[in-house]
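Shared between the two complexes below is subunit A, which pairs with subunit B and subunit C, respectively.
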Partner chain A sequence: MTVAAATAKGAPGLETVGMTMRFGAFTALEDVSIAVAPGTVHALLGENGAGKSTLVKCVMGVQKASDGQIMVAGREVDVPSPRAAHAMGLGMVYQHFTLAPSLTAAENLVLSRDDAPAVIDWAKERAGLEAFMGGMPFRVALETPVGRLAAGERQRLEILKQLYLGRRFLILDEPTSVLTPEEADEALGFIRALARSGDITVLMITHKFREVDAFCDEVSILRRGRHVGGGRAATLSHGAMAEMMIGAPPPERPKRAPKNPGPAALSVRGLCARDRSGLKTIEIEDFEVRAGEIVGVAGVSGNGQMELVEALAGQRPIQAGTVAVMGAPFHATRAEAQAHGVRWLPEEPLRNACAPGMSVAENVAFRSFDANGFWVSAAALRKVAAPLASAFNVKCASIDAPISTLSGGNVQRAALARELSGDVRLLICANPCFGLDFGAAGEIRARLMAARDAGAAVLLISEDLDEVMDLSDRVVVMSEGRIAYQAAAAEADRAEIGRRMAGRR
Partner chain B sequence: MTDAAASRALAAPSAEGALAALARRAEAVAIPLGALLAGVAAFSLFLALLGHSPAEFFALVWRGGFGTAFSWENTLSRAAPLLLAALCVALPARLGLVVIGGEGAIVLGGLAAGATAMVVGWAPGALGLPLMALAAMAVGGAWIGAVGWLRHHRGVNETIASLLMAYIAIALLNHLVEGPLRDPASLNKPSTPPLPDWLRIGEIPGVGVHWGLAFGALACVLAWVLIERTRWGFAARIAGGNVRAAQLQGLPVGALILGFTALAGAMAGLVGFFEVAAVHGAANGSLISGYGYAGILIAFLARHNPLAIIPVAVLVGGLEASGGLVQRRMDLPDATVLVLEGMVFVAILLGETLYGRFRMFRPELWGRA
Partner chain C sequence: MSETDLGLWGVPLAMLAGAIRVSTPFLFVSLGECLTERSGRINLGLEGTLVFGAMAGYAIAYETGSPWLGVLAAAVCGAGFGLAHGAMCSLARVNDIAIGIALMLLGMGLAFFFGKPYVQPVAPDLPSIPFGFWSDIPQLRAALDVNALFLVGVALALAMAWMFRATRIGLVIRATGDGAEAARALGVDPVRVRTLATAAGGALAGVGGAYLSLYYPGSWNEGISSGQGLMAVALVIFARWKPVNCLWAALLFGGAGALGPALQSVGVTGGYYLFYAAPYVLTLGLLIAASSPSRALAGAPAALGFNR
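Right, the complex of A and B next:
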């Protein structure tokens, strides 16, 4: 396949030919050849661990590929370092923001330049920036500190920064994961418009089929380090893309079996706590989760959801208000949690729910180690943990191995084995499928449904709106530390939820 | 494979599983040992640059520390306080706290023992000694426990707090033995009044070393049991491994921090008690001997494993015991041994970054040749 070298405005095309990356015996990429035509938006799809980031790192010169070539604008190039990639006009926009929040947009742009002079003539730079902005289809307020810009604006500024630095081939790593659906559409529309006009070429890592449909021209799909398919986005169905990503028909989404919820398992009244910055507070006026229902909390990352979980878990001091479980006051002590069957599944379990250096068996025994009095024996822990680990399909070399040696999915399974065994009456989980592949995520969602069907109350806090909509019986939206919207899932309106997530009424 | 068979396979270690378990444990021995050798190598280079023979130095260390019955006696009597001083570092370390100010608790523990003896001088040893020991442990425990309290309730860094509090403790000792608690008869070296004979601690029969050695070794064994075999120790290891996970499990993190720091301080307080009751016979400036700082080196070399502290303390005790001989024979200053200890410590800290880097210690990677 041959592609034009570049657009009239200088946005290059890019090809990888037979890219292979080996780490010791492990092959992360094998013979991957993809071609991104100039002036297009190209989606790179794949599960976690499929090799997307490895491919991108090789292109950006962060890692040196074991084998294969990179062609930029039709010519074979050597990319020994990120600096070299930048010099060729390749730029990357990360999932999380890389701008300094206390500096203004103008300062961020000028300081990010490699050739920023030691003494900056701001009048001249501002004139230059104004001229640059004039040529863009979109403007960002140059004199506002970046910290005060909305997430969508910041993401656009990240892209403008790449253009300002003269980069015409942009790699976007899940650019919409911190945006509301509306903001995401706006940012991607902006990107597509720039590509259409020939200003940039885009390679975008994404998980969201909706974005592929609406904004991408072509798709390449990776699975286990191999390029397994692709083509024009318009001709590929969701089912076909999902099948290529996971190598099998996608697991069926669990069905909701509506039931009449029981009495309130968790009730929160007038809860106040400081947020992470310590400057704002979260205030939850009145909120309940009943036995036998899943309440999904949607919201853009950083709107107080994590603070709510931490306050409930006793990791964050509560300034006012009450938390009650099964009608009794709850202070997150071990005795209370055990008496009422309260269990937790935080996001990134290795960081939040496990002791990485302790063994799998010890980690699985965190709930039960003190059940048999004063003494703790390693053999007894193993006896409890081994059947649990196998019942939950935890794959490990040995249950005596440190849990940090397990893959993400297996760490989450070990955490599930611990938290879902015994009498579970209230389960609080936050982004339980974050970073897991389809299979593992489907399995975990099924377990949440099963816990609900067995009569447990489930509070599901997730940044994945699809997950919330699929699993929940009731949907709650958090915005600016407050509950902005509550509705039964059957009656919830996606557009309304999107507006509330963005803080509008 | 059925679930039952799978769980059996997981629970029962095969021969290969035993090898894997051994490999995992070997890392915790091999890396500190490697760091020790690296530190010794760097020190040898240092000696050679100064024009001295490293071989002669280590031969003298052997003779001065381990070569004769007399040198063993000397070594063990230095190891006795080091055992307890190292526990003062190792116990909080299992909770993830780096407490380096054990010296302060040692000094104040000794002072408390000396001051108590002034009050209970009438009592027989069977009553007076336990009272002195309790006072020393209470003061030491309160001192390091305060470090834990500041850490948990006020977010004050425990490393800095404990180090600075050690200076306060030393100033307090100097103030009190030169002022209110001073024995008017102590002219050259201000001290508390000398202990009466019945409040002195003798030697372990046949060993030639005071009873602090036995108590120190016993404390190490008990500390190991506490950490590895009890629910409190398990809870502390969870909190040390990941405090967020411990909070999520509803474990009383604050109480664990207070309890373990206070216990650590009590161990250091006991060092002071034995120094007063078995060695100096009164509380005075000799209590400021650096045992608290040597304890840091020992605890890190032992990877905060109380059982491993015992051999490491003997090793370091031997090193310190040989200082005098080295000084006389090689015409090197007294601080030479400290240079060696410092170099080993830097090597140990660098070695901390090597855990998990070696394939031979990671059986889960073995299959992927």
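Right, the complex of A and C next:
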């Protein structure tokens, strides 16, 4: 393959040749050869565990590949450490933020430089930063602590930091996972424009096909450590890419049976609670979830969704307003939850909904273990848990193993098995498919849909707008702690939702 | 009595004098703890470091005849304790709170053990600067007799605030306090930063101890500390991890500590022990007022886990 070495402005191309990475008997990466042409945006697609992060870690010098070569700007190079990668102009923007939240943007930028002076002359540095920002298509507030910037601004700052440090080949690890659709489009548009003008070359890890279509020139797809396909983004259909990623036709979207929603299962009136910082409040004027419908709450994380869930679950004091379930006042006590069939699936269930050191059986039986009063029988627990675990496909060595030994998908299934057992009339779940692969996510979504079809009211809070749009009967957008938009899913407009998520009307 | 009778004016004056005199150990220990906590660790052992510093400072001052050499020795011993804390916390699965409590008890025990021969001898005091020379009122002159170490502490608070704002090392410490990940992303070894910050913090606590034995109360005995090392931890939280706020908080605590003796000097003897408890009541009151069950603590270094 012939690839020009670099653009006129010095953005290099990069090639991996026969990259192989073995951890003992396990092969994480096998003979992967991809070529990223200079001045292009190249997408790297793959499921969890397909080897995407291993590949970029080898390129960035975080791990040493067992075999294979890396070519930067047409020359074979050795990348023994991240420092060496940086010296060659390779930079990486991680999925989680690496900026120090209590430092300002200016402090973060100056400190990230290898030649940061021991005593910082802020007048001089500020002038330099202003000059640098002047040449960039978007600006970031320099004097605000990074922790107070919106996620989109932080992501932009991460990219600006790489440019400030003179890196010309950027690896972006799911750069838009924390952004609104509009912010994502803006950030990716910026990245593509920089690539087009020859300023940078980009390798972007993603699993959003929409972004591949709209912003990427080429695609490489990994599955189980192997390069299984790729090509020009314009020539590949979503179905073809999905099939290469999972090695089988993608799971079907859950089918929606037409259903007339019943009476209100959850009604919230004039709810007011403080958020974590104590500076802002969430205020929910009037909100209902009715039996037999899924209400999806979309929004950028940190706009009050988690506070809403905590307030409903009794984890956050309510300052004003009422919460009623099945028409009766609800204070989230165990007795009330059991009487009304209220269930929760919080995000990160291993941390928030399980006792990690206790067995799968015990965790699955948490809803019913005290039904017989004071004494608990381990045999009875197992008798309850075993059929539930198998009905929900929980794969574990034994139901007596600690639940923390299970994979993320299996923990999620186990928690769902517990929450969907018995008479469920209201299910509140937050980011139920976060971090799961296609198959597991499809299964969980089908379960939620089945609960709705069986007549349960489902409140689904998710940062994944596609998930909200796919599952919900009604869509609600939260912004700045308030409900900014409500519409039936069939009539909801994606662009409008994106604007509301960003806090605009 | 030759003293001029100031009546009730004696109370605020005595409190001002007390604030300056009593606050110095609070100031040094809280600055040390502020530095350590900003790097993402809590050192609860500073009470032990303080007591050991008091003993070491007194002993060296007595042996050499120079109080400043005593202060230096206290700083070196304090740095040793801080280094021990930092090094032990760098091991996997070692908890900084537990190590801190162990080191607190160890520091006090060692101080009592080595300090036995120095309970009787009299060591030279640290010098003070008579800012009240212009006045004829003896109480005012006494109040404005400011120890040099207090001025060093004030300068240190300002210098530390500047360091956190305008030096690379200050920014690195703050970034490390935000989390080990943030530090590693900068190519900084968080373990090293935290160990050194704990050592420097320990040195400051040792100096605070030397002040106790070399100026006020000015002698070495086993009851020399009244929990300043522990209260300084609360004080840092109250000061929201800002060095200059540590200065104000130390003055406030010093003033509260002087309330009992001041009232006694004007003849208020009722509730004597209650007034002596003022700093402790203040500690509790401030901690309750400064906390909230549903709100995150502003300014807390994220690595301390207060807001998790």
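Everything that follows uses one rule, which is that the second predicted complex is superposed on the first by the 479 of 505 C-alpha atoms of A that agree within 3 Å, B and C clash if a C-alpha of one lies under 4 Å from a C-alpha of the other, contacts with A are read in each partner's own complex, and residues count from 1 in each chain.
In the analysis below, contacts are C-beta pairs under 8 Å (C-beta built on N, C-alpha and C of every residue); 3 or more make two chains touch, one makes a residue touch a chain.
Note that the structure is a prediction, hence the values are computed from the model and not measured.
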For this session: May I ask you to name which of subunit B and subunit C touches more residues of subunit A?
Result: B
Exercise. Looking at the overlay, does A:317 come into contact with subunit B only (first), subunit C only (second), both, or neither?
Worked result: second
Exercise. Can A:276 be said to touch subunit B (first), subunit C (second), both, or neither?
Worked result: second
Exercise. Touch check for A:102: first (subunit B), second (subunit C), both, or neither?
Worked result: second
Problem set entry | subunit B versus subunit C as contact partner of A:119, first or second or both or neither | second
Exercise. Looking at the overlay, does A:351 come into contact with subunit B only (first), subunit C only (second), both, or neither?
Worked result: first
Exercise. Should A:111 be classified as contacting the first partner (subunit B), the second (subunit C), both, or neither?
Worked result: second
For this session: Applying the touch criterion given at the start, work out whether A:9 contacts subunit B, subunit C, both or neither, answering first, second, both or neither.
Result: neither
For this session: Check the residue A:395 against both partner chains and state whether it touches subunit B (first), subunit C (second), both, or neither.
Result: neither
Problem set entry | Intersection of the subunit A residues that touch subunit B with those that touch subunit C | none
Seminar exercise, completed: Given the complex, residues on subunit A that touch subunit C span 82-83, 94, 96, 98-103, 107-108, 110-112, 114, 116-120, 122, 273-274, 276-278, 316-317
For this session: Under the touch definition given earlier, write down the residues of subunit A that touch subunit B in their complex.
Result: 24-26, 313-315, 332-338, 344, 346, 351-358, 362, 366-367, 369-370, 373-377, 382-383, 386-387, 389-391, 396-402, 405
Problem set entry | Complex contacts: residues of subunit C adjacent to subunit A | 166-169, 171-172, 174-175, 177-179, 181-183, 185-187, 292-296, 298-299, 301-302, 307
Seminar exercise, completed: Per the touch rule, the subunit B residues reaching subunit A in their complex are 3, 6-8, 10-11, 13, 17, 20-21, 24, 229-231, 233-235, 237-238, 240-242, 244-252, 362-364, 368-369
